[in-house]
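Before anything else, here is the set of structures, which you'll find just below.
Heads up, the next two complexes both have chain A, just with different partners, chain B and then chain C.
Entry: the complex of A and B
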C-alpha cells in the first residue's frame, strides 16, 4: 500500500528506520533495506556505493559502508544487528537506481537479523506513525534548505 | 644494468621527500557545506559555515560539456532586487562565515561579478565575512576591482589546451587569456588558488601539464587539483574519468614541480573505490590536503606520520584565509 505525502510516494507495508531513513522489508528473519524517498531528493544523484570489506557481521548503528551522492556523503549505519547476506550488485554498478527505483531494483542490502525480537522497537510500522514522522522530516529538511519549497 | 638507474628513487618517494623538506607534518581535511558529509572519521558540524553563491543564478552562456550548468544549479542565486549584500547579511545571521561568489560564465570565460563589486566590498568590510571569488578569466578592471574590494582569495580553472577551451568549454578565449588573468591577479597582489581539472578533455589528459607549467610561473596561495566526474545528464555522462595511474603520476610531478606551494585535492572527483585510490595517492605524493576524504584516509595519513587538521570551509578557502 502507498500513501502520498506532498509529492513523495511512501509504501506503508514496510518498516522504516526513522533515524537513517531506510525502508525495511522483513521476511523470515531477513531484512531487505533501501532508502526513503526523501533521502533520494535531498542527496541528488547517487554516484558511488561501497560496502565494508573487512567484515559482514554488524551491530545496530555500525557502519556497513558508505554512500556518495552529488549533495551528500555519509556512511550507512546498520538499522538492525545481523549478518549481511546479500549486497545489491546492480546498485553498486549503477548507483542511480537508488534515485530511480528505490523500492524496487534500487535496494541496498539484505541482513540476516540476530536480535530481531529486541530491535524491532526502533522501527516504525504503523501507517499513522509513519505519516507523522515523514511530515516532520519534510519540515526539518525544508528548514535546513535541503529541499526546494 | 646501470646501478645508478636501478637505485633511483621512484617519483612517489621523491615527491614525499619534497613534502618532508618543505612542510611540517600537518595535513588538512575539508568538508564545506556544498555537500552534507559524514564518515566514521570526520563529521561536518555545521554546513552553514561555508556557502556558495551564484551571481547568475542557474544561467551560463557556456554550457560546458562536463558541467552543463549542474555545478552552479545548487548554489544560492543572487536576487537582483535584494542584492548580494542583503543575501550575505541573511546568511551571516544563520552562521555563515565564508562565501564563495561564483556564477555562470559569459562566452569570453568571464563571470559577470563586477556589478556586485561594491556589495562584495561591503560584505567584507561591514559584515566581516570572508570572500572567495570564482572569477573565470579576468581583465584589468576586474583584477583591480577585486583588490579594492579586499577579497580573500581568487579561484579560477586554468586550461592548458586550446582544443579543450574550444571543444569542452565552447569559449571564445585562449590559453594566453588564462596566463594573462594569472598575471593580472598576481600584479594586483591577490591570493590566487588556481584549479586544474584532470581528465577534462573527455576523460583524457591533454592540457594538464601545460596548465601546471603556466601556473608554476606565479606565486600562488594554493594549487587545487580536481578530477573529471562524468555527471548524469551532461554530454560527458558516458565518458570515463582518467586512469588512477595517470592521476597518481600527475600528483607526484605537481608536488616536485611546485615544492613549496600547497597542493590540495578539491571537492570534485569520482567516488567509491576510485576515490580511495586517488586519495591514498595524494597522501603518498605528499600533497597538503583533501576535501571530502574517502573513508579510512585520515587514519592512513596518520600511518605516514602526518597530523590531520579539519576545516569546514572549501579547500581553496582553507589556506591563509
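Entry: the complex of A and C
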C-alpha cells in the first residue's frame, strides 16, 4: 500500500530510516535499501556512486560509500549493522536510476543483518509515525529552499 | 567585416531563444525551478542563462560540451558537466523578480549562432523590464561588431565577458575548428575585446582564461599582464574534462600548478607583483616568486584570507563576486578549485598543502 504526502509516495510495506532517509525492505534477515523520495529529489541528479572497497561488514552509521549528485555529495551510511552482500550494478552504471526509479531499479545495496533484534527500534513502520516524520522533513527541506516551488 | 552566420533553425520546434533559454543547474536551484542543494552551505544568487537553438552552437571547441561535433543531440548535451534545464524566458524573468532579493548577478551566455545577437538583445530587454540586478553578457565574437556591442551597452549591460579560453594563438587553434562562415579568427576575438574595452571603459570587460589547455605558465601569466595593462580582468577557469568531448580524456591541471597560478594572478592584480619577480624555467613553468618586496612577502604568509582562491566572476552591487558558479570546474567530491565563498580555516590548510610554496618562494 502507498500513502501520498504532498506529491511524495511512501510505501507502507517498507521500513524507513528517518536519519538517513532510506526505505528498507526486510526479508529473512536481509535488508534491501534505497533512497526516500524526498532525499532523492533534493539531492539533485545523481552522477556517481562509490562504495567503500576496504571492507564489506559495517556497523550502523558507518559509511558504506558516497552518493554524488551534480552539486552535492553525501555519505551512504549503513542504516543497520551487517554485511553488504549485494550492490546494485545497474545503479552504479546509471546513477540516475536513484532519481527515476528509487523504489524499483534504483535500489542501492542488500545487507545481511547482524543485529536485527536490537536495531529495528531505529526504523519507522507505523503509518502514523511515518507521516509525522515525513511531513516534518518536507517542512525542513522547504525551509532550506531545496524543493522546487 | 565578417559575413553573417547562417540561421539553421527547424521551424517545428518553437522552444528556442528568444522565447526559451537554458539556465544552469545551480541557477535553477537558486530560483527554485528545480529541487537540489549544494554540499556546503553558502548563499548563491548568480544566475547563468544560455541561448538555446535546435542546431546548437556553431563553434567547435574541443573542451566544450556544446561543441558542434560533440556526439549526441544538442538538447541532450551537458555543458560544464551538468544539465541545463530549458525554461520559458518570460517565466524565468517573473521568477527572477520573485527572488530578486537574493540575486547577485545575472549573465546571458551567447552561443555562436546567426540569431544570437537579436535574441540576446530581446532577452536582455525582457529581463531588464523585471529586475535591475547587474547583468553581464558572455559574448560570442564571431557574431558581433561595434554596433551590436553598443546596443548592449545602451540596454544597461554593465560587464562584458569573452570566452577566449586559450591564452595563446597556438592553443586557441589547437582545440577549435572553424565556424561555418570562416569567422573563427584570433584577431577577431581581440578586435571584439578591444572594442568592448572602448565602449564599456576600464575594468568592465573580462576574458575567460582556462588553465589546462596545453598553455605554459608563462603564456598564462604574460596574458594576465597584457590584460591588466589594458584594464581588463582575466577570469580564471580550471579545465574540467567534459565527457565525450574531444578533450574528454584530458586531465585537469595539476592542483599545485592551478593554486600557484591563482596566487600569482592575485598578487599581480591586487599587490602589483612585478614581472621580473616571477621566474620560469626553460619550458615556461613557474619556478620562482621573488618575495624581496616586504608587502608581497606579507601577503603570501597570510594568503589574503583565501581571497586568491575564490571564484573569479562579475561583481554584485557591493563589489563582491556575484557570479560564483559553484562546482563549475570541479565535482562535489573534489577539492574546490575556486571557492564560491571565503575559504574556511580547514580549507586554507588544504590550500597551503596544495601550493607547496616552499618550492618556489625565493
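Just so it is clear, the second predicted complex is superposed on the first by the 147 of 149 C-alpha atoms of A that agree within 3 Å, B and C clash if a C-alpha of one lies under 4 Å from a C-alpha of the other, contacts with A are read in each partner's own complex, and residues count from 1 in each chain.
Throughout what follows, a residue touches a chain if its C-beta (ideal position, glycine included) is under 8 Å from a C-beta of that chain, and two chains touch if they have at least 3 such contacts.
None of the values given here were measured: they were computed from a predicted structure.
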Room on chain A for both chain B and chain C (clash or fit): clash
Touched partner set for A:136, first chain B, second chain C, both or neither: neither
First, second, both or neither for A:68, with chain B first and chain C second: both
Touched partner set for A:118, first chain B, second chain C, both or neither: neither
Which of chain B and chain C A:96 touches, first, second, both or neither: first
Touching partner for A:48 - first (chain B), second (chain C), both, neither: both
Which of chain B and chain C A:6 touches, first, second, both or neither: neither
221-229, 275-283 or 293-301: stretch of chain C that collides with chain B: 221-229
Set of chain A residues, in rising order, touched by both chain B and chain C: 44-45, 47-48, 50, 66, 68, 70-74, 144, 146
Contacting residues of chain A [partner chain B, same complex]: 44-45, 47-50, 63, 66, 68, 70-75, 96, 144, 146
List of chain A residues in touch with chain C within their complex: 41-45, 47-48, 50, 66, 68-74, 144-149
Interface residues, chain B side, partner chain A - complex: 34-40, 47, 70, 74, 229, 231-232, 270-276, 292, 295
Residues of chain C touching chain A in the complex: 25-26, 29, 32-39, 81-83, 326-327, 331-333
